[in-house]
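Next up: some structures, all given as structure tokens.
Two complexes come next, and they have one chain in common, chain A, joined by chain B in the first and chain C in the second.
This part shows the complex of A and B:
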């Protein structure tokens, strides 16, 4: 009898648990779009979380309400690296998406899979006005005149500084387009005048930033003009631009006015934490961080362009972020719906709302005139800087990304070299080692795919 | 004399307490940060800030964490039931039935334990893809219906059942199913519960396989769901992520708490030589 009663107790607990989970799920589900009969389902894979995910879901709902033929069903796929793999692995099955978001450095890889329909096809069919999209962003996802995918969430690497701190110590802020020297000056003054209470500057050990030092110096990382004219067969990590930047960081680290926060997600969290608590004066990072750096921050945030070498004009930096791709394993009707959805996301209004909610840049040139974006610029004038930097950049072959497969490998190798250099190794030697390893990787990959004998 | 003993005890407990703190530290820190606003966590200000349950509200409303829990519950329950049933049948055959090549077959099964699941991922994935089973509960359960470890563990347990019982059952005229159901299973109850708890936790903690085969929140289990909460490029809502992690840990703690004493006795059983 007692045993039976105990059993009932467990059963009751289970029922209560399942009910709780069920009701909780129902309240969550109410906010998320759901498939509706009579409409063609467009499966959309994305990798956005937090405020960006909420804004994206809002845009999806907006598209679904704006017409009655299609129903876009968003599915979240985790981080960028995993998502690329999932897209490739599921191609041709019923689980695969019709339209998906994929990161900047997967561009060459995806183009080579042969699994995608270039958006150029629909741009031509619709006579879509591509000029309304920021050229710097477009160029990154185009190859030899064909627009492969549509740039979507786009950020720029920028220099952040704590304007309140600089004012406190009577330091002139860095100019809009600072040189390495300008930053050395501010960092030195900051360290000295605060009696080492404030760290001057940090540059995360991050391959993306390394690539931008080269881009802003107007130098190529891979041959064949960074892959824009053919398949690269060699990389060059030891150009003057790379060596100057690495020497600059190393010298200042040794002088104690720069600090090293290491690599990876933790480095980013830690430098952000230090910056927000006023222990770090400046750092280089993605413009997508603006949201976090302005909410709940009592200090005024300063933003400048990415630094460039002394005595040279800034060539402009490449964008970061991701773009939207069409899979070619779906029917023409579904692909057309996916393209309509992309068009909806790229309207001036959608793009303005996107920038306001996320910190990613509005890519539609007409977004700047929308009330939403005007209000943001009035409230936080510094948020204009990344957009201005993007607009000021005339796309050329060195600042439009690197059309090379295996960029993840390139980042791992350059990061290892940066780590060694930050610890005091000779920059030329560390970078040469990485360069040799990457060139052999590129050549192996080319041979394996039959691009090169 | 009494004094010294007490002092001994104090030192002993102090040492144990320190060790416990060392091990529990990260967990306590996790629970604590789940109560803080993310802005405070980002600044590294862990003490003195406002404390609230807001992160839990955000986790439930903004993320599919509850659906992940439900998915894991479904997957883990199905896996557990299947494993206990199929492993016990397998072990029964290896102990109570005599057939040609029995020992050899058993060692073949044992040998599969040396092949880690990671090594089987590619063929398994290709099979699932061919059958169009991707993104479904079925594919999360099918590869785990039985386990070599389970068969091995239950075989050891069943071998401790006295031969006289089998003889008595034969005399009573029990058929093999009756003997299995009325004698063997109740006798090895503790081992069965241990195996059930292991397979439940094992299934609950799975990460790699679901990551490869699920693409929507409708099927994604908790561990993968939790990983999905970390963001890309933009900022992480650490408070909410931590709150979700605490929600995910709770069921595991309950299973551990309930199964604790079964675990201890069960583990020792395999070690007894018979």
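This part shows the complex of A and C:
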């Protein structure tokens, strides 16, 4: 009997506890709901991690405090690749975002879904001064004069070198716009003079870098002028620009002045770790890495433009990163709020803060005059290089990205070809196989979407 | 008391029950309703979540899909033809077979050895039993990070060990052959906890009287293991082999986190290719065809297992 009474006691305590917790939670929820009175919710999907995510959330807070009509609600959506599919799959439901960040190579696909409102609509309505945004970045997300989305986190591929090591071994640094030969010279000297203690150079097995070799040689990867004048029907991975670059890498591998770090996220972290510990002299990579390469690096960081073939002028490289898109499945009021948010992110002040915190480039031309960015340039003059490279590039059809659907597949295939070439395969053969597979993919995709019979 | 060891009625008993009620299912109407009431809910759930997706996959595999994933152009069996003609897909098929075969054989062998070691009555053996089954409590992502640290070329445990012993340093995850070894080893390690626990349970159920009798006959421990232990645990071994085989075909997490199918597609197993085609490149038609092939292969091999291996299983 005693035991049963005790049991009742425990049960009563449990009921009281659950009720208390439940009431507390409900009150908290109500408070959260009250905190945003009469504001229109703008759902914003992004894929930023680490310091970039923190800075982005800070900017979102700044926008929410700057006005009282809208409340931007940021949601992290995992990696770039998966986010594109999620955006497409949720379109037309209440779960879909009003504004979302999507990677560079999804541009053509998203434009063709018919799910988006081109930002051009609001640029025209507001007479927004588009000239304040860097032309090289804008061109990537525009098609036939229509601005589809707003470039946001933007990087440039650059050459990084360890300036302290070069000085130690009395090596002249590569010029601002180096050729393949210039880089080979520095890599050879570094390897020889350090008696192989320092590895000369590397290029990650990465489809984005492959595309840049073609862009900087002024050659098309897809027909129809990289898709800027019509729907591409075939690709070309075996142009002289591609073969020259791959031969250059293969020869340097055989000479022992080039190290293969493989592909994928592990490759990037391994090459970065080697560079920071002074065991790797030079590598090609995104300018978004600057922050990581300058903090806690005892050596001085050198940065040059992306290399180009000997005897040719550098055509300029395409940007990488992601842009901001407006979904057309939301009311005009919501879309307007999403556009206001984009405008806030693109102000000179927001963009300067963004570059200082992340290493992505400030796209607003007036950001350079802000105190934040001027302080950064004074402290680390090399951080000017990627921005200069972007400004020096006159956008044309081969350096403004490839307007083609299925670029993820293109990167998979060129990456596989690069892996084979790094392991000694004949570049023309490896690239031809990839080219055939991609052309067949493009033609199937065109048929499925009704662009081509 | 005898019955408590046999939770299920023996086959002969079941038959006699059936004889008492010869009309069974066709008999009373009432029985049909009862049966429908019990089976209905699970049939509905299976229908929605298993049969419908299966049929839909078959349907999608006959189409090209557009950029929002809708089937638009009917191509018949062309998706299958493209796959079978592709050397990359055949390589993926081959890699899958090597992976699955190695994982099943190694998991069972090491599992049996660990279980056999753990049934010994020694001081502190309970600690080992806990340790051997511990991987059951490890999630795939944690395991992947753990193994990435071991295989890392610059800070990895294995390569530091190799360097200190003046052995050649291996780039585990960036050399095609070694990457396969690396994911096989980590998968087997992940599987061991479950396999060990099941086999350990089976070993404990083997009546000690059998061993006593064998010892009286003068059988060596090796003979006892081969002719007493293995036949007695063969139903469990068969179960574990089937489950491990199906599980290995569906391995995804470790591969995604450790190699992402690389280097040079060396660890791009069939199920990973399905994921890549469906969720990275949005090629749903192709991915559906790959799923169908994978389902047929798994079903076929499971059938082979039942057909040929089950004959060697001794049920008590």
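Here, the second predicted complex is superposed on the first by the 418 of 453 C-alpha atoms of A that agree within 3 Å, B and C clash if a C-alpha of one lies under 4 Å from a C-alpha of the other, contacts with A are read in each partner's own complex, and residues count from 1 in each chain.
Operating definition for what follows: contacts are C-beta pairs under 8 Å (C-beta built on N, C-alpha and C of every residue); 3 or more make two chains touch, one makes a residue touch a chain.
In this text, all values refer to a predicted model and were calculated from it rather than measured experimentally.
**Q** With both complexes superposed on chain A, which partner does A:89 reach: first (chain B), second (chain C), both or neither?
**A** both
**Q** Touch check for A:420: first (chain B), second (chain C), both, or neither?
**A** Only chain C is touched by A:420; chain B is not.
**Q** So, does A:273 touch the first partner chain B, the second partner chain C, both, or neither?
**A** It touches chain B and chain C both.
**Q** Classify the contacts of A:156 with the two partner chains as first (chain B alone), second (chain C alone), both, or neither.
**A** In the superposed model, A:156 contacts neither chain B nor chain C.
**Q** Taking the superposition on A as described, I'd like to know which of chain B and chain C A:109 touches: first, second, both or neither.
**A** second
**Q** In this superposed model, does chain C or chain B come into contact with more residues of chain A?
**A** So, of the two partners, B touches more residues of chain A.
**Q** For A:244, select first, second, both or neither according to whether it touches chain B, chain C, the two together, or no partner.
**A** neither
**Q** For A:292, decide between first (touching chain B), second (touching chain C), both and neither.
**A** first
**Q** For A:48, using the defined touch cut-off, is the partner it touches chain B, chain C, both, or neither? Pick first, second, both or neither.
**A** Only chain B is touched by A:48; chain C is not.
**Q** I'd like to check the shared interface: which positions of chain A are touched by both chain B and chain C across the two complexes?
**A** 82, 89, 273-274
**Q** Under the stated contact criterion, what part of chain A meets chain C in this complex?
**A** It comes out as residues 81-82, 84-85, 88-89, 91, 109, 112-113, 115, 260-264, 266-267, 270, 273-274, 405-406, 408-409, 412, 416, 419-420, 423, 437, 440-441, 444-445, 447-450.
**Q** In the complex, go through chain B and note every residue touching chain A.
**A** 39, 42-45, 60-64, 66-67, 69-70, 73, 125, 129, 132, 134-135, 211-212, 215-217, 224, 227-238
**Q** Give every residue of chain C touching chain A within the complex, in rising order.
**A** By the definition above, chain C touches chain A via 63-69, 72-73, 82, 86, 88, 148, 152-155, 171, 173-174, 259-260, 262-265, 276, 279-283, 285.
**Q** For the complex, give me every residue of chain A touching chain B.
**A** Residues 18, 20-22, 24-25, 27-29, 31, 45, 47-52, 54, 75-80, 82, 86, 89-90, 93-95, 153, 155, 265, 269, 272-274, 276-277, 286, 288-289, 291-292, 295-296, 320-321, 358-359.
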